[in-house]
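Structures incoming, each one as structure tokens.
In the two complexes that follow, subunit A is the common piece, with subunit B as its partner first and subunit C second.
Up next, the complex of A and B:
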């Protein structure tokens, strides 16, 4: 696999706020324009656009039209959640490499019309929820909490271990003016946090916001003439995990990463020791715990110690979520992790810059389906 | 652009019936298994799966699981209708070419839970329909009928011209045992057809059915060892048409094909005269009319004569929809057009075989967004 014929050349975003009062379309258009401004391209240069999980109100066609494009040669909306954020980018890279488009915008927008922690009538009657619903098992915090409990039972992980992950990210966010939550917390603060669904306290759950993020991808050749250093996706992998729905798996502590991780390392020839920055999908602290183990940074049940010993921050082995992640920067469905990876690999992350960052791992989603991308500051 | 590093090696389908009484998942799994049987591969060989416009009940993950796959490395559900059927295949080809997957299944299933000609409460309140709904302008037959009327006004096309398209397809379907409607019709039959929405009679509208279709794509290298001759996608193009919603376009007779067609011919170096078989998306007869003109087979307003003169059938210039298309074989959202193209280029179409078929054009969707693929029986 070689995706490095493609490069991320532009990044853009809106402010992340609790209630913007703005439409998804307006937010998406703002982020896309910002990403184009960032690299010095214009809407006229864009011939591809893609997003995931965005309904009709901010579909690729609507967003293209909103920024002034009347005809676009490649427009793909992928039906999935944060589990697909790596897929969407790898897919866009493949379109660029095979000549289906030269310059592709990838975006994701969230507004107050969707809050994943909220139970709605719609959630309670569709799909597998029709069976889980009568038991009150309806939304992601509940699912992940159940899996986290299982992890505690099988591997002896603790609430304090989850807390170590939350604290690490919140401390990083203190250096990120864009983050919605920037006040560092102690273990006492963490443990005093409001219980949402056991074992998850409020600090274990992603901070849902309004906002949008966009990336601009183009060919490595064209990237050479643009404003910022090119950042190359060099490998990607996905997995549907253990098949079917996680609650039916033989091992409920398994996530997609169990299968995606070995695939990614095999395709790239890299190992966790090579990674400078890890932007780990963190809809919940537990998501980092499970995927961090699967990607091989440490063994099962060892994540708490790893984070407490300072190995997941500056001066340690790998800096995990220097921006604060979904837990502290804001829940932009993981596309903000790609924004951060690009910023770090360009050396433009300011007070939170990871020194000499050359390789970044960005993981996606969680549960039954997801993947990851490795970015490099150099074309291999 | 070169997509020929990929090949379609397997095709499968269920029966097409009005009411199967079966779930979408069961239909999809049957078609996928048939496509794998066709090329001699098994579920264990599949590491990619994709579809479009399929809800949770037959999502790529569910279908993968249903055929016995516990882990799949590339699973993409594209959020779109028949306008994306070429995109989905080009996308799968790009995944194969860039090494994201080696063997990808593409499928589409429709069951009685969705009928596009039916007005539902859901249709009447979402998106642009909230403005069109109060005027009773709600479902595709109404939209396309309006555009067809405009075409009649601007270019002088007639109901008899639409009839010529319907008759051509129905006559072809007489040689297709898989088609839902196989009785040839005369112009008198056509004109006596029940009016659905002016100027569309019942013969102008796709025949909605239950059923599923699947294709298996893999690398050109692996294709060489499989059971049937490989069929190569050699070029693809898409367009979002004139921007925004068609009813807001400056030219309401324009479709995506206005912009996709020149892009396709430029990328492939081909012209309409090179094409042996044209599987044209035909949700309505008018869809063929508008796209056939745009792809350059004839000038504006000339389609009726072209079809009446026998130029769109055996012995003519190009055989259009030898299987009968969506109008007569059944509405499988255009993936059945790809099935037919592969069958023709393999030389396995039996009584309806187009002699010496080497190049097939397959168009997708209509309205504001769509595209096309050219397949070749030889790798260029």
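Up next, the complex of A and C:
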């Protein structure tokens, strides 16, 4: 795999708010325009557009139209959640490298009509969820609380370990003016947090917001003439198991990354020790715990100590979620992690800049499915 | 005062999620309606299949539903403390487990653990299915009762 003929050249986003009072289409158009402005391109330069969604989003066709494009050569919507972020970007890179499009926009938007943590209206549920919903078991915090409990049972991990992950991200978010939650928390604060679905407290769960984020990808050649240093995707890997059904996964102490990580490191020739910044998908604190182990940053059951000892922050081994992640910056379904990685590798992250950041791991997804991309500040 | 606000909705009166069976899953709900737990099984290689499939995922042979013991083990569980799912807003706290059925490793159903204080539920606990009526409609579903 070689994605290095492609580069991320532009990044854009809206404010992240609890309630914007705006449509998804309006938010997406703003983020895409911001990403184009960032690199000095215009809508006339865009010949590809893609997003992932669970049927909730302004479609690529409508967003292209909304920013004034009348002829879009490559428009691809993927029905998926955060598991597909790496896939979508790798597909966009492949489209650029193979000449299906020269300049591709990737975006994700969430508006107030989408909140995954609760189901408040009467529903009939089909598919595998018909066996779960009637038990009052239907939303992602419940699925992953099951996983976290299993890890606690098998490896002796604790709520304090999950708290160490939440605290690390919140401390980072204090340096991020764009984050929705910026007040640092102590372990006491964490433990005093409302228990939502045991073993998850409120601080274990992503902070759902309204907002949109967009990236612009183009050829490495064209990138050289644009405004900012190019950031190159240098490898990607995915895995889906158990048909994407969280309850059916054979070992809930590990995630998709158990299978995707060896693939990623083999394709890139890298190892965890090479990574400067790790934007870890964190729909829940436990997602970081399980995937951090799977990607090989530490052994099973060691994540709590790793974070408590300062190894996941500035001056440590790798800075995990300098922006605060989905837990504290806001739940943009993981595309905001890519925005942060690009900012860090450009050296433009301001007060939260990771010194000399050259390689960033960005993970996507949780449970039985997901993937990752490694970005480099240099074309290999 | 917000003049546009309608009358307060009594959320506790809302129905819990109801199953929407398809042709592959309907026999599961037909069995529970008659008081039994039945699971889809390959008629050639014997593999139990949950969720059900028209044909076996291992050997592609035809499948049929067969009764199971209902005996299982708690693989993991949650205690829902805050309202999250319609029909259960006034039911917290409640425990839901992933129960591994005795018939085959990894043959798993989610289900509420009942007749026990949620704080006393534990991984590894043995439990047995009991068919209860589901509020708000004609469906019945398997809940799990701890056994000694």
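Assume the second predicted complex is superposed on the first by the 367 of 380 C-alpha atoms of A that agree within 3 Å, B and C clash if a C-alpha of one lies under 4 Å from a C-alpha of the other, contacts with A are read in each partner's own complex, and residues count from 1 in each chain.
The criterion applied here is as follows: a residue touches a chain if its C-beta (ideal position, glycine included) is under 8 Å from a C-beta of that chain, and two chains touch if they have at least 3 such contacts.
Please read these numbers as outputs of a predicted model, since none were measured by experiment.
By the touch criterion defined above, A:78 lies against subunit B but remains apart from subunit C after alignment on the C-alpha atoms of chain A.
Once the two complexes are overlaid on the shared chain, A:44 sits clear of subunit B and of subunit C alike.
By the touch criterion defined above, A:141 lies against subunit C but remains apart from subunit B after alignment on the C-alpha atoms of chain A.
Of the two partner chains placed by superposition, A:266 touches none, neither subunit B nor subunit C.
Once the two complexes are laid over each other on the shared chain, residue contacts for A:197 go to subunit C alone; subunit B is not touched.
Once chain A of one complex is fitted onto chain A of the other, the partner contacts of A:149 are limited to subunit C, with no touch recorded for subunit B. Of the two partner chains placed by superposition, A:224 touches none, neither subunit B nor subunit C. Of the residues of subunit A, those at positions 126-127 touch subunit B in one of the two structures and subunit C in the other.
Looking at the complex, you find that subunit C touches subunit A at residues 11, 14-22, 25, 28, 50-51, 75-88, 91, 93-94, 96, 98, 106, 108-112, 123, 134, 139, 141, 143.
Partner subunit A is touched in their complex by these residues of subunit B: 1-3, 56-57, 59, 61, 64-65, 69-80, 84, 87, 90-91, 93-95, 97-100, 126-127, 236-244, 259-260, 263, 267, 368-369.
Chain contact summary for the complex, subunit A toward subunit C: residues 117-128, 130-139, 141-142, 145-147, 149-150, 153, 194-199, 245, 247-248, 250, 252.
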